[in-house]
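Labels run A, B, C and D following the written order; every chain starts at residue 1.
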Amino acid sequence: MTQILGRRIAAEFLGTSFLLIAIVGSGIMGERLSGGNVAVALLANSVATGAALVALILTFSPFSGAHFNPAVSVASAFQGQLRWNDAPFYIVAQIAGGFTGVLVAHLMFGLPVSFSSQHAHSGAPQIFSEFLATFGLLLVISLGSRFHSQAAPYAVAAYITGAYWFTSSTSFANPAVTLARSLTDTFAGIRVADVPGFLVGQSAALAAACVLCRWLLPPELSGESGTNR
Amino acid sequence: MTQILGRRIAAEFLGTSFLLIAIVGSGIMGERLSGGNVAVALLANSVATGAALVALILTFSPFSGAHFNPAVSVASAFQGQLRWNDAPFYIVAQIAGGFTGVLVAHLMFGLPVSFSSQHAHSGAPQIFSEFLATFGLLLVISLGSRFHSQAAPYAVAAYITGAYWFTSSTSFANPAVTLARSLTDTFAGIRVADVPGFLVGQSAALAAACVLCRWLLPPELSGESGTNR
Amino acid sequence: MTQILGRRIAAEFLGTSFLLIAIVGSGIMGERLSGGNVAVALLANSVATGAALVALILTFSPFSGAHFNPAVSVASAFQGQLRWNDAPFYIVAQIAGGFTGVLVAHLMFGLPVSFSSQHAHSGAPQIFSEFLATFGLLLVISLGSRFHSQAAPYAVAAYITGAYWFTSSTSFANPAVTLARSLTDTFAGIRVADVPGFLVGQSAALAAACVLCRWLLPPELSGESGTNR
Amino acid sequence: MTQILGRRIAAEFLGTSFLLIAIVGSGIMGERLSGGNVAVALLANSVATGAALVALILTFSPFSGAHFNPAVSVASAFQGQLRWNDAPFYIVAQIAGGFTGVLVAHLMFGLPVSFSSQHAHSGAPQIFSEFLATFGLLLVISLGSRFHSQAAPYAVAAYITGAYWFTSSTSFANPAVTLARSLTDTFAGIRVADVPGFLVGQSAALAAACVLCRWLLPPELSGESGTNR
């Protein structure tokens, strides 16, 4: 069982690393090549991130469920899909994976590791945007993937590709991703000073989504019947 | 049963809200970033709307069928897929959801809520375009999703992504969406004065699609055998 | 039986009409909005055509197989998937549908129906390109859809989206589409003088694909055992 | 059995040929039309390659597994999915198919066959990028397609579309593709001098992925129980 937990943790670490490589790497490439047209860069960034998510969720979901996101792991624990005892291991693996992914992306593009982003994402609309982005993501995962498990990778990836465009914050929607992106001063970066606001918005969305899903889902699916996996 | 209807109405309200957030939000973002190249903005808008539809239909279809569109609800009632008694609740939830989505998108992007669009969509070709867009959408839903229910979310989303480009009106194809978009003076807006023409085109398409489907579908699938769900 | 053939013919007519609306309409819209960047216009055109194909094949395949293409109908007859007696009705419906689609697209965009394109597609490389495009399409349909029938709509649509870019002729790969596109002097047009070369390339590909599939497919799937549907 | 091996080899040859036509052809078209905006050209190139891969894998996987890549064939042999005796035939077919595809693409676009690319891809970050690109691809194929075989074509295609953007080398991730692309002095080319570094990175990734998969996969799936197909 410990060994099995080891494999699950490895899957979360690897998957979150590759997710950050995809986000940060495609942001660097998009910005370099787009000649100043930010829409073209974001189109590349959003299509590449969504495409990577399809591949990564299909690859790692048989091992760990392919959360890559502390908010998803906590919501899963709340709904009885993940043991509460395992959640801290998942979250540490996701945060470590995110940091590793940013480092690897910088190495691969021959960039110094600055560890301080200058990209501002401040103000109440941005925090509200993160609330909305995370709330929607958790509904997609908690409801969509419960009834259409085969389609879940496409639903999640499509949601993120869309939400890059339809939210004003470009939809981080993930505390591990938010922390990791504060380490890069490239297209996908976020100022350290703006991280707490994002985490507040994401946490509020986690609470709201759990309450809504408990009402929408029938009792036998909403986690009231205990914790199992 | 009332409680179950409540959940279905909530799903239509939430889904249509997010659909309008996706349409209006990605339109704002696309226009802001594309430096005046309208094709790049519409590419972002069409890809984001289609991607959001994949996620939203997969998320809410187990609850309400994920219509998000009064024309779809009426066609479903006509074909025996929705009780006529439930249709008014669906339609009110869709219209309220659409208005809410536009409001939320404006808040998230820090824009005032102007409640009056200046985007002209007038003339007979535009009305014919809405007829065509809605007629095609209803065929995709009534025929495609009847025989390939697993693939329906992809069929509908792909149709809308394509129809943004292949119709001269950019394919509203939805009375609730048309009403809601008259409230925003951004990329996705439509002048109030042009709304009635769009609704006429969409209604004519509803009638034409119902007649065609009754002929194409075998009697046991065409709704002649009564109303049930 | 006659009535059932009527429904199949209607499905081919409607599907091919919408396919031409998608090709010609998204070409007009892409050219109008892209400010002279042909790559952006072709990106819109290729994404919209592929997306429309996903929706149209899912919608009409339960009725007629969703060929929308005389080369596909003849290959199907050769492989025992379509009665030879039905093939002429299919082909007439496809050609009539293609002409209708071009007319409808012009009406919808408020354009005169010129009936003469000036877009040159001449030279041996273009004819070779049509050979290649059609050969690949017929392999995808004859082999891919035989073993993965659920995935066929995505395989065909993805092939066409890709082939718009990887062939020098932008991959018409369809005699009915070629004839219809000679009627429009817009982005998707082709000079009447260049049509015969395209038809020669497409016909040669039809012969080559049928021979290759007869070798690759086991006898019980290659149509040697007679004609049935 | 020999004849069956013949069909499998033919499928690898045809599939790899079409893959190179897609990569090189869409690169030429993208560069010609994009008016100097390299991001738009790469967007076309990445979308076209991914779309082609969906179609090609669905078409040829029933015959040969649709490897189109010596690294995939060796990893498959290592994991007991391909007989070691068959691997050399696969690899020769892939390399010959790649060369043929480049030739065909040049003919189709009316270009001379130069046989010497000037596109530089040198330096340690590029080699590291190829390590990463290939490592990720082999995880997607070895893990993802083992548990979700129906979804494998989409996972692989999505990975490649994303990796064109998120790796600094634009993700060749395939020795046969690398060799073939050294023959074209177009958008997708690579200098012959830079090929060995790419092959080193790809080979190191093959070793790393095989070790990781042996640990992650349960013994009955990791190839320890012998070689069969």
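Please note the rule applied: a residue touches a chain if its C-beta (ideal position, glycine included) is under 8 Å from a C-beta of that chain, and two chains touch if they have at least 3 such contacts.
In this text, all values refer to a predicted model and were calculated from it rather than measured experimentally.
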| item | value |
| --- | --- |
| Any chain in contact with subunit A as well as subunit D | none |
| Far-end chain from subunit D, centres as C-alpha averages | B |
| Homomeric contact subunit B-subunit C: same or different residue positions, threshold half | different |
| Centre distance in Å when subunit B and subunit C are each reduced to the mean of their C-alpha atoms | 28 |
| Gap in Å, rounded to a whole number, between the CA centres of subunit C and subunit A | 40 |
| Junction residues of subunit C - those touching two or more other chains | 37, 40, 43, 47, 50, 154 |
| Complete list of chain pairs which touch one another | A-B, A-D, B-C, C-D |
| Subunit D-touching residues of subunit C, taken from the complex the two chains share | 36-40, 42-43, 46-47, 50, 123, 125, 128-129, 132, 136, 139-140, 143-144, 146-148, 151-152, 154-156, 158-159, 161-168, 215-216 |
| Complex interface listing, subunit C residues touching subunit B | 7, 10-11, 14, 18, 21-26, 29-30, 33-35, 37, 40-41, 43-45, 47-52, 54-56, 58-63, 104-105, 107-110, 150, 153-154, 157 |
